[in-house]
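Next, two complexes with chain A in common: one pairs it with chain B, the other with chain C.
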Partner chain A sequence: MEEAGYTGVALRLLRRAGARPGDRIRIERSDGRVFEGVLMPRYAISARPIIVVKLDNGYNIGVRVDEGTRIEVVKTREAILHEAAAGAPAAVPLLEEQPPPGKRPRVTILGTGGTIASKVEYETGAVRPAFSAEEILEAVPEVGFIADISSRVVMNILSENMRPKYWEKIVDEAAKAIQEGAEGIVVAHGTDTMAYTASALAFAFRGLPVPIAFVGAQRSSDRPSSDAAFNLVAATLVAARAPFAEVVVVMHGEAGDTYALAHRATRVRKMHTSRRDAFQTINGRPLAKIYPFEGRIELRDKPLRERGREELHVVNGFEEKVALVKYYPGMEAELIDFLVDRGYRGIVLEGTGLGHVGEWLVESIRRAVEQGVVVVMTSQTLFGRVNMNVYTTGRKLLQAGVIPGEDMLPEVAFVKLSWILAHTHDPREAGRMLRENLAGEITYRHTLDLYPRWPH
Partner chain B sequence: MEEAGYTGVALRLLRRAGARPGDRIRIERSDGRVFEGVLMPRYAISARPIIVVKLDNGYNIGVRVDEGTRIEVVKTREAILHEAAAGAPAAVPLLEEQPPPGKRPRVTILGTGGTIASKVEYETGAVRPAFSAEEILEAVPEVGFIADISSRVVMNILSENMRPKYWEKIVDEAAKAIQEGAEGIVVAHGTDTMAYTASALAFAFRGLPVPIAFVGAQRSSDRPSSDAAFNLVAATLVAARAPFAEVVVVMHGEAGDTYALAHRATRVRKMHTSRRDAFQTINGRPLAKIYPFEGRIELRDKPLRERGREELHVVNGFEEKVALVKYYPGMEAELIDFLVDRGYRGIVLEGTGLGHVGEWLVESIRRAVEQGVVVVMTSQTLFGRVNMNVYTTGRKLLQAGVIPGEDMLPEVAFVKLSWILAHTHDPREAGRMLRENLAGEITYRHTLDLYPRWPH
Partner chain C sequence: MDPSKYDPRELGLRVGLEIHQQLDTRRKLFCSCPTTLVSEDADKDEFIRQLRPTRSELGEVDIAALFEWRKGRLYHYHAPRAASCLVEADEEPPHEINREAVVIGLAVALALGSTPVDEIYVMRKIVIDGSNTTGFQRTAIIALGGGIELESGKKIGVQTIAVEEDAARKLGEEGRYTHYMLDRLGIPLIEISTAPDIETPEEAYEAALTIGQLLRLTGRVKRGIGTIRQDLNVSIKGGVKTEIKGVQRLDLLPKIVLYEAIRQKRLLEIRDELRSRGVSRRDVESAEIVDVTGIFRGTRSKIIARAIKRGGKVLAVKLPGFHGLLGVEVQPGRRFGTELADYARFWGGVGGIFHTDELPGYGITEEEVEQLYKAVGAARGRDAVVIVADEEPKARKALQAVVERAAAALEGIPKETRAAKEDGTTRFMRPQPGSARMYPETDIPPLEVTEDLLEEARKLVPEKPSEKLRKLKERYGLSDDLARQIVRDVRLDLFERLAERYGDKVPPSYIASIFTNILRSLSREGVPIDNLSDESIEEVVSAAAQGRLAKDAVPDVLAYLARNPGARLDDAMKALGIQAVDMSMVESMVEEAVRALEGEIRSRGYAALSKVMGRVMPKLRGKVDGRTVAEIAKRKISELLGERRG
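What follows is the complex of A and B.
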């Protein structure tokens, strides 16, 4: 029996049964309850007498054991792997060919809160975040098998409560972990605003030697359908082994448990309220496809930065006086005037089509620009590229000083402008930086196949 | 020679050549220029000596002719149809099996402006709308072949300049045309805000006996790649013959010229700045697939209202004091306070994930509700359904009086609230109507296959 993190009574029981991680085992407890699944290694910090098994639904559970518990091996890991090679699904090929603990890539997991490690609040029945590194390692022991894990709780908030000033703290903690030798960073984050925060880091890390993988869960980890474990394993794999050094969002790639996708932080958007594969790349392709239980990462796009090439270089800081304003028919000019009067320094418009708003807004926008407010145009269509030279309204807006946002997502243009305005007070310089592709947020050519296929 | 709308010199030339609509002809003008294509019928109002041919790129042109012009038939329509049956593309099977003019379904085309009939403004190089019914019939003679057309220019604006008060005028004109005997309505509209206007009509027509098909063009009709003709033929076909009596948006279904889709007005969104297939149904399926040149309409979803079942019943009116507010990290509460102070009666929030905003906004939202403002929650993910019972923030917002918008698109919730608040001053009644499915804008169950397939 390899120890695989087990001690005390759990280790004695496993040795007696001759069970090794990867074997399918049956646990019969002294209270009569029976559990069957694949034995997982345990890299938790606590010494509680728990044996971790992966159930057939893919969910890991920790089974509390005592001296009266009986364990038997139902099928060895060799037999399971043999079946896998013959086409049956393999639960744990990850367990093969790993360097020993202490020799694995060093990955730091930063906790910020969110469903990824949330628990049901029994008083109200609602789900509340309860994130600690120990809880994560206990719930998802595979993580400890891929990498030598350290962790830090940066904050513990629901991601709808995230704001630009908090992005700065996450940037600082990630930079500190890299300076201390982390070979990859995982940021566990609520899914609601994960794409915003991930793109904030993509702008702040001007030089980045290792990957930073954001990860979340659409369903909390106490539900059998939770995607927390699968996503965390995939994100840890990206942090530990990906050949690129970019900020990505790693989440389920489809409704099942086959693969995850690593989306470039400046191209990703949460596109569904509840599906596991809610996160999708817009106007581009995901950077990589990840088969977490096979330990495999397939590149799907050319990385912008390779691992280990760049020195760490952080330009931190986000301006909070930036607004994202979605245009709608009849929107009144006083909304723009209000932002200018309240001292906003930047406005990202989410216009219609190629980048338009009602012509009655042009004068207020011109006034905003004259007062030094930086105004950027994006499109509420999400796909495609702003082009303000085609129609009269676009040309009037350009004349008023609006900066066309190319094919940037509105949310990403908002984060980019917030970052830019924290570092320059010169609107011309801000305009120049907005038009420049700094972190993959602008792509100068699209191919037809980047548009999804819609059901009909 | 069937007359097919030709008179004077054009008719004499065609008779001399023995050319009939649907034949492939070659026109050699006295100035030496040669044109080859399929002879189209002509239902224009002007008497100019023009012969309309469909070029191989699918674009119709009007060739000015005189007595010195020579015309020959290159291939008869029977030969073309025979080839089509053998697999080659058929340009004009529509020309077969039509009732004679005066016996065709009566369709009224309402012009509101937009690219569908725009022309290049030569001074600036930009495209400006120039819509008249005559111009449409001259450019797209197939329309006159499908239906007995009448038309009316309701307004001539770029659709980014559309506003709720203008929706009322379009409702009135469509109702008037139906009262006068139209068996279907086509509304030619700029694409930028077409989905908003279409959903406005879906709410205003509480009883509707005929289809109303909105149509636009992503590329102006003086460009060979224009989708104007294809879309207008498809929309006219829907207006003339569809078995449903719903408000739909009819636009290209894919990048080529194979089929168009009729999207339910309350489910459609412009999803790309420039593609022909920019319009897509979200959280549902398109109502029908249309093969305009085969005259075929295939249903893809169950109609909510069948043609000819209901009496016309219009409840017109839209409140302009309604705002659509997209949430972003750090959004300040003063933006909500400002709307309340300025007398807004309704606010549609485009929140994150299942329907959240930063908790620091809850107090301002509660104050808004207490002052009688109706606040609705939708999601910026677009796909999926708001569920405010899962997390603490959602529950706090519900307690503050926010109405969950189910699976309504943010833009549709905005239009619906504008319509509701024009007809009731009771926030409870408004809340009740918001939760009710009035025009297909709420669907109580989704199937997994409604989510698009994303490229990776």
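What follows is the complex of A and C.
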């Protein structure tokens, strides 16, 4: 019962009655009031003596209890579900039509967690992952019209719990699916760290014959307004039919359900906590605009790699001893020293403006570089390119051995450095690779239109 | 049909009310937006969405919702920046529940003798007609039990009191698009559901009125059109609980109740007749849909000819044993055939149906009817035939729905949600949703009903109407009759405010009569008095109190302000040719008259007042109140007489 959130008196009463969530219970209080309903888990994080029941009208209410309260189980969860199933009409499919016969591209959907394709448990409202191909086709039958779907649950974790070693696993699974003949890959991922994982794949796939589309949902799939189905259809369309073979993030293009955008993995950033169109391409244009209902993909930028041109070539592996450090006014040098002393092999600095940190950090950075730590400079402004020749501090940092990260997003530079350091121990070689555009992460020309105009 | 010959008690009428009233809070229920509506041309953003039906654990989907989705229904939202934010756009999770709304709700609960729950849980009630951007309405039960007492002493129980969010405001439909304005979405509502204790249409009316009055007595609810809505649950003996949505006019409520009782009675009669004719459900369901386009190649029916010209088909189906029943009136002006047509429209998206109980007619000839019967293998005098002319898939779906509805007639009354119409009848809106459409709103933490919260609520518990009545009579000297009227008036709170502020200059009974008399007769004349803001009314009362506006002119001014929302008092006076009276000018006019009549005044004293009035009023009538002029005249006379004494 603890897992259902009950403690103290409430827990004791429920245990005594042998009641479990989903059971129909009767609560008789010492003040004479009687409540009957289905016992719900108590997801409030509080120790108050309150028991939550679902009344017959579907509403939940909290009932305060004390030692004098009597609880009995009226009907067990199993009995209730059994009866409901007996009386329930046959499940109606969402779509009447079946996909017409004919060959469709083979697409593999890899599940890593997040809310993109989960199912709601009606009794408790809990959301659980649902990721068999059948379940996906039942929830979003439209994808069956686009591709022959197979699916695999690689892991089931919250996006914030992602780690570089999990990136390696996802790289392996995607590579395996491509070897087995998948003509496109969809990776369902929690949105918080999706851009990191996507760029990790962009660096690891040195040769890629098919598109890999990352997709997520900003509204959970248990609600009618979820963006999950729309995004999944758009991502499947990209995986099955896009003319490019790149790693992209496919999410809503605007607040409405009109089009999705495919963002290049190394250029994309989650720019809003909650909006559907939170993902934006920074310092560039999205690769394509996708109209999922019309089955249309419109290219907005030149692909780096076209579908079917390259052989599959994977260089997997990510160094975990890499840090991403955001500079702030007054930051002390000991933070850098700490990383160096702890054996970190790479530091990505997110500096101010053109690529600066307080000049009192220069000595610690020099020491870091001398000890073989690779230090890269990116900018907190996100938009624009670092240029460390303009001001004295920048020149001092360059002289100390900091590598300017061009217009790379700080997170992308972090993933890139992690990947590079897993494959070379030569700081000079690492520096050379950092400056080289490997997966669209560096753009040497910025035109005036690539900066959004904010409301004013 | 004569509705008056039906006795609701004999029919075993049972009615439960669901009253939804907007609360007048500073902020919406789950965000920090104000609770005001905006005009359609307000600064706004727009976006288009779909809603997907969700599945319960047992695999059930809401059929009506599924159907709308399959049709590709799209929702076009208008998001005014002044009255909606990311929460209404479903682009940000809801904030915590608005405490002010909960407190008002608890105050109403206490006044109704209901017992607050110990912890409030917000639920998601799935509604996917697009009126909620999320696809569900957030709602929470705050109290259980309690009740009201009717004049007769009869008690009507209250089952639940909930606080919930209002839906978006529908602007209209346009092809596949439904347009909604998001200003209303999220305004807090209180929902009071009564037990089915109501047994007559009149009781339904009185119960609604009593609850409405109690809500207004809190002084914390909104008023004006659309701020209070009643839903009804109606059944008769042997009938089925039918939900009727969206009753906005209280005076229509008894009629709607009676008409629904009649509808159920008539449907039961149709069922009995079908059974006595030996019709079985299987007979009805096994009827085949036949393409009869050939019969109508040269038809004079414009509707059918147009459909065929557009490439459509005419499909027909036999309803075995239904002869004569489609023409049976189930409500005044609505036949059983109309019920079938509702289904055809809803499920098939067609314009309507034709059936043989109304044919020949509508340009369809006797000859065509004859061929029709033959084509579907029906017998005249025994069976009925229904036809639909439209694109084939639509026509087919429409007729399948007609068959299903006709088959259901053998059981009696289908479980439906119906929409109230202006004439008191109702139309089919959608099948009743299943019970599995409530989920916990996991984004909002539960709120414990603490002693603090209850203490705040106790301060807001409205006075009992009888107490209020006593107070109005004592404090403002209103007659019993006037006090009774004002207690029932929607603008009771405004009256009290104005009587406090201006009662020393204008009699409160006059202020009361503005509401009970002037506004009501303006409303009867068709003046849109709901447009009158409290501020406008106050401006008028204030001007009357200062003597700047003659009382005679008040009705015209109010009518003008109601017809021209946004106009100020000055605009109204200018447009109506009422000059704002310059009181110094009045003074000098009276002064002049007094001087001219000096002799008479000196001889007759105050008795000469009428002479003075007679001289000035023809020029001032309609511009300045006679009473004000008389006061000035009295003062001038007294000054003159004082001079003599001095």
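A few points about this structure:
Definition applied: the second predicted complex is superposed on the first by the 337 of 456 C-alpha atoms of A that agree within 3 Å, B and C clash if a C-alpha of one lies under 4 Å from a C-alpha of the other, contacts with A are read in each partner's own complex, and residues count from 1 in each chain.
To be clear about the criterion, a residue touches a chain if its C-beta (ideal position, glycine included) is under 8 Å from a C-beta of that chain, and two chains touch if they have at least 3 such contacts.
Computed from a predicted model, the values in this text were never measured in an experiment.
Once the two complexes are overlaid on the shared chain, A:Arg276 sits against chain C while remaining clear of chain B. The wider contact with chain A, measured as residues touched, comes from B rather than the other of chain B and chain C.
In the superposition on chain A, contact of A:Ile50 is made with chain C only, not with chain B. Residue contacts after overlaying the shared chain place A:Gly62 against chain C, while chain B stays out of touching range. Once the two complexes are overlaid on the shared chain, A:Glu160 sits against chain B while remaining clear of chain C. In the superposed model, A:Val34 lies in contact with neither chain B nor chain C. In the overlay built on the shared chain, the residue A:Ser226 is in contact with chain C alone; chain B does not reach it. Look at A:Val315: by the touch rule set out above, it reaches neither chain B nor chain C.
In the superposed model, A:Val390 lies in contact with chain B only, and not with chain C. Contacts of A:Phe414 after superposition: chain B is touched, whereas chain C is not reached. Counting contacts as defined above, chain A residues 121, 124, 127, 255, 273-275 meet chain B in one complex and chain C in the other. For chain C in complex with chain A, the touching residues are 45, 47-61, 63, 65-66, 69-70, 74, 77, 86, 89-93, 115, 117-121, 123-126, 128, 133-136, 139-141, 144, 160, 162, 435-440, 442, 445-446, 448.
Listed in rising order, the residues of chain B touching chain A in the complex are 121, 124, 126-128, 158-165, 167, 191-193, 196-197, 253, 255, 261, 269-275, 277-278, 280-281, 285-286, 289, 300, 320, 323-331, 334-335, 338, 342, 350-360, 379-387, 389-395, 411, 414, 448-456.
Taken together, the chain A residues at the contact with chain C in this complex read 33, 40, 43-44, 46, 48, 50, 52, 54-55, 57-64, 84-85, 88-89, 91-92, 94-96, 119-125, 127, 139, 219, 222-226, 229-230, 254-258, 273-276.
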